[in-house]
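Listed next: structures, encoded as structure tokens.
Look for subunit A in each of the two complexes below; its partner is subunit B in the first and subunit C in the second.
This part shows the complex of A and B:
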């Protein structure tokens, strides 16, 4: 994408370019810099005093804030477990399907459904499914002999229940990516191995999986970056509860800024989350892009 | 062995499709259940559907949340498309110092999640007096969408053959004509696809809508969230029907535009 031909008429190009650049500077880049500055300031809008520069005090406070540690832990567990489950399930299903099949376009269309369903609706759907009075899950599990469970109301099951909703929403993404990766592997490579007498298992393990590695890693990092900022479904399903057992970092940022109005402290939290995301993004750019 | 493998493939596909659709099916089922059967044990799957809940949505004026969402999503998608298509055209065909650096800065938004700008953006919208106003949301969402459209449109512009511009230039077309008469019509599938994605992105957004609106400019997402918060006395059918109405436009839109999305991709493949 470095090429690009030039056409004459410089002034016109600037007229086409500048509105967009100015817009992004005003609404994305300057606010980002302002957040960075705010993370070094003490500013509670509720008290009415203007922001006051306090250096790295907010960050020091974060180091000793158990509520922030717990929130980062929730986000990290959510990110790791959800991403792992989605990648394993998505890739396994793709391997099982493997070759193009009749009705594939229709199935691919159906699989887009969970992904484009609004996260608020996803939260609503699973809130209903888990509900003891109107959802089918409690009844089913009770009939199987595990007793009545309050899935979202117990600290033991609330986070796994939310993760399951995320797995429903995003496994298709990994599945579709892995499937297109698989169908890009030349038939001849697999044929050659078969002729040499490799069993189906060996072909999968020694040829298909290594060739698919780039796709799998890319999908995993994309999912991890997205999972790290989880907000909507948790906000809907538990609001961070019971207690604070499902309070993610994004949820805590929202509460700190707009319930307690501690803008400076919230900005410091944002910068920490941003650093983690940037790290993941850096890994992502190092993955060879094969698809 | 071979037959077992084929059977397990079909089973896997069927299981994935069923797992993907069941939750949404159950949402629709809940929206259509008559009140008397709502709490029936075991849960009922067969009954004569009732439109009570949807009538309630109409009667209580909940339609206005969807109107707000529709206005905000459409307006921001159009604005973002205009800004980013022009910008992508300039980025593709005009060489200037630091071009790649500037481009990277512009798509930075794809990498830094919007939450990084939450507090300043709130203050800016407040300063403009646009809190709880659709225009405030539109201004903010455009900035989310521009990097996405820019990235897609640059990919499309690169594929337009240079000879087309050269012959049009010889016929006396200026830069603006090259943009509007040649580049845009040829990349329409890309513009439509990125427009649909932008629309869906904002239609589904919750966090900023929550922060920037309270009553008048409440979007469908925020309304749905607030109806669920009614602890203990959740009106299940109402919530479920609002959920259905939140999902439905996105599905319809995606279905109607599917042809363009596919065409957009095939055009890319042909020229690649």
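This part shows the complex of A and C:
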């Protein structure tokens, strides 16, 4: 046998790689390049005129657009709060479930159900839960003496209410990652610590948490990248209201493109949000992979 | 295969080919034959008039030998898809669904071929007696620059629905007279509407018609989910109060900071006190369902929607205790008596269609009285669609079958003192209601005052209109 690949082997290699390369180019790279180009154009399809190159005018307009700033702020708050809650709860659930008990598999399965529910269904379910006339949550709170709350109609509670729905949906994702991380920690290390007299808290703080750190950070960044793009749940539950208090960047992009028909301006927004997401991804690639 | 067998096969194939290319049955006379033609139409889901058109179009196409392929989208998705397909020169459609806000825009863009243009260029295939255009509902609403764009899909606009049992109850009448100093009756002015909404808003346990309420009760309800649901409810108040619908048509300048517009917003915000929690996120179906469940005294809503829900005996607890009338008027505002959005959507010919003749004949046939009556009786036995044929509304059989029909015809359609209006016809209309709707929503949520809301809306609208080139 020769040391390197044969010409025939190399041809087969590229041939097998071709479908994936074609997919990436056609469905990822070309649309990205087109969006980038569109972000430098003025194009309102409602007026019928073709795109007109305007350089960085869209980006300059974004700099002075308070609606865009507000939407990015909503997305950032949503991302930070939802991710933090999901990580804490997910890890806590994983710790709770990571011990043998009767029905463990069934419990783990049930815990994963929200994650496999479509975001539109999640939004609808929680919209009903919060409903002032028929919502069980509202009824419960009223029975506890706090009166009928308009969760989605108040600027104080609308965003937290949507965050809660997201936490319900995506905590299982963090739980799954944390659980597999916990199950990867050698038992001998924990046992040795216990034999040496370490309390449960010290085992958690000095052994489990450091070994789980990589998984936690990875889960947090993955969730953060996803949470930054939140759209479906907000669209269903509040439509961005009250006022614009829950209008996320993705929802604003949607409205700019399909209500205002300003495709060029929407493309510029997409590029900015993409830059933020890329920054998060860059942090993700810096996370140590070992447990 | 032998030579003889090969020859036989060729002969058979030639005979089959000859039969396929042979002209149709001569006895069919001049009847159009669209065998082999498949027509595509996109329709909005959740719209009863879309269901009615679908049924009529499928029947019409079948009679003409063609096939209908119907695809469903949400109304927003449908609008965007048609616009994008047209920009991409995609001839995928034959018939398109147009709303009152998109009709003029699409005609000017060239997305639709106006029916009047097609008829002029193809007069030989037009059957004027079948068409009976004068019998159709408000074709003028779909006529721009003299071009008739599409066939209306339903009739009637916005009306006021009210609970007859509450308004006729002696205890309630006496209490209202005592509190407000005038008789309780369907409101004729918006001041009266506000009083009555306030009067009927009560907490669980308080009496209504002499009995303690088992749940909170509300004077009125609106679907205030931004931007479209909110706008289609609010715009009736805006116009009634004397304001322009977003902009002055003469100067194309936004006017949402006018005194009349601000007064309308103030009034609308005040109505929030008499509505159920969650109204800020309600769709029109939800709002109507609350009325149908017996929790609301009055509702301003599209008449057709209410026939589907509130007047429908299979869906409403109060169908036999609900009546309707014209919208109130705002005192001191001339020329806007009982101002109401006329409603109406239409179906039109897609300009890039390769089957325009077949599409036109399907539209013509599906709009006939006979087919519309068939669809109404078979698909809407309990209401939900108000056909756009005036002669059907006058039909004694229909009036007896649908108790509300005669009154709707006389009190809503034929009444001359109603100021019916259509919505703005500029391409930026959706963007405009997105801008204004968000500000009104903020005011409804108590985030800002009506004045500040309209000031911001005006600023944002002026920026939009400047970018569009309407103003400098």
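The rule is short, and it goes like this: the second predicted complex is superposed on the first by the 260 of 291 C-alpha atoms of A that agree within 3 Å, B and C clash if a C-alpha of one lies under 4 Å from a C-alpha of the other, contacts with A are read in each partner's own complex, and residues count from 1 in each chain.
The rule we apply is simple: a residue touches a chain if its C-beta (ideal position, glycine included) is under 8 Å from a C-beta of that chain, and two chains touch if they have at least 3 such contacts.
All values reported here derive from a predicted model rather than from experimental measurement.
Undergrad: After superposition on the shared chain, which partner residues are touched by A:13: those of subunit B (first), subunit C (second), both, or neither?
TA: The first partner, subunit B, only.
Undergrad: Between subunit B and subunit C, whom does A:153 touch in the aligned arrangement: first, second, both, or neither?
TA: Second partner only, subunit C.
Undergrad: I'd like to know which partner A:47 touches here: subunit B for first, subunit C for second, both or neither.
TA: A:47 contacts subunit C only, not subunit B.
Undergrad: Thinking of the overlay built on chain A, is A:32 touched by subunit B (first), by subunit C (second), by both, or by neither?
TA: After superposing on A, A:32 lies in contact with subunit B but is clear of subunit C.
Undergrad: Touching A:258, do we find subunit B (first), subunit C (second), both, or neither?
TA: both
Undergrad: Looking only at contacts as defined up top, I'd like to know whether subunit B or subunit C touches more of subunit A.
TA: Larger number of subunit A residues touched: B.
Undergrad: Should A:240 be classified as contacting the first partner (subunit B), the second (subunit C), both, or neither?
TA: Only subunit C is touched by A:240; subunit B is not.
Undergrad: Report for A:194: first if it touches subunit B alone, second if subunit C alone, otherwise both or neither.
TA: In the superposition, A:194 touches no partner, neither subunit B nor subunit C.
Undergrad: Which partner does A:127 contact after superposing on A: first (subunit B), second (subunit C), both, neither?
TA: Both partners, subunit B and subunit C.
Undergrad: Both subunit B and subunit C contact which residues of subunit A?
TA: Dual-contact residues (subunit A): 127, 133, 239, 258.
Undergrad: Where on subunit A is subunit B touching in the complex?
TA: Going by the criterion above, the answer is residues 1-10, 12-14, 16-17, 19-21, 23-24, 27-32, 34-35, 38, 93, 96-98, 101, 107, 109-114, 116-121, 123-129, 133-136, 139, 143, 168, 172, 175, 200, 229, 231-232, 235-236, 239, 250, 253-254, 257-258, 263, 266-267, 270, 273-274, 277-278, 281.
Undergrad: What residues of subunit A sit close enough to touch subunit C in their complex?
TA: 44-48, 127, 130-133, 138, 148-150, 152-155, 237-245, 247, 255, 258-262
Undergrad: Which residues, counting only subunit B, touch subunit A once they are in their complex?
TA: 5, 8-9, 12-13, 16-17, 19-21, 23-24, 26-27, 30, 38-39, 41-43, 83-84, 86-87, 89-95, 100, 102, 105-106, 108-109, 111-113, 115-122, 124, 139-140, 142-143, 146-147, 150, 154-155, 158, 162, 165, 169, 174-176, 178-179, 200, 203-204, 206-207, 210-211, 221, 224-225, 228-229, 236, 239-240, 243, 246-247, 250-251, 254, 258
Undergrad: Subunit A touches which residues of subunit C in the complex?
TA: Residue list for subunit C touching subunit A: 76, 80, 83-84, 87, 105, 109-110, 215-216, 225-227, 276-281, 290, 295, 427-428, 430-431, 434, 438-439, 441-442, 444-448, 464, 468.
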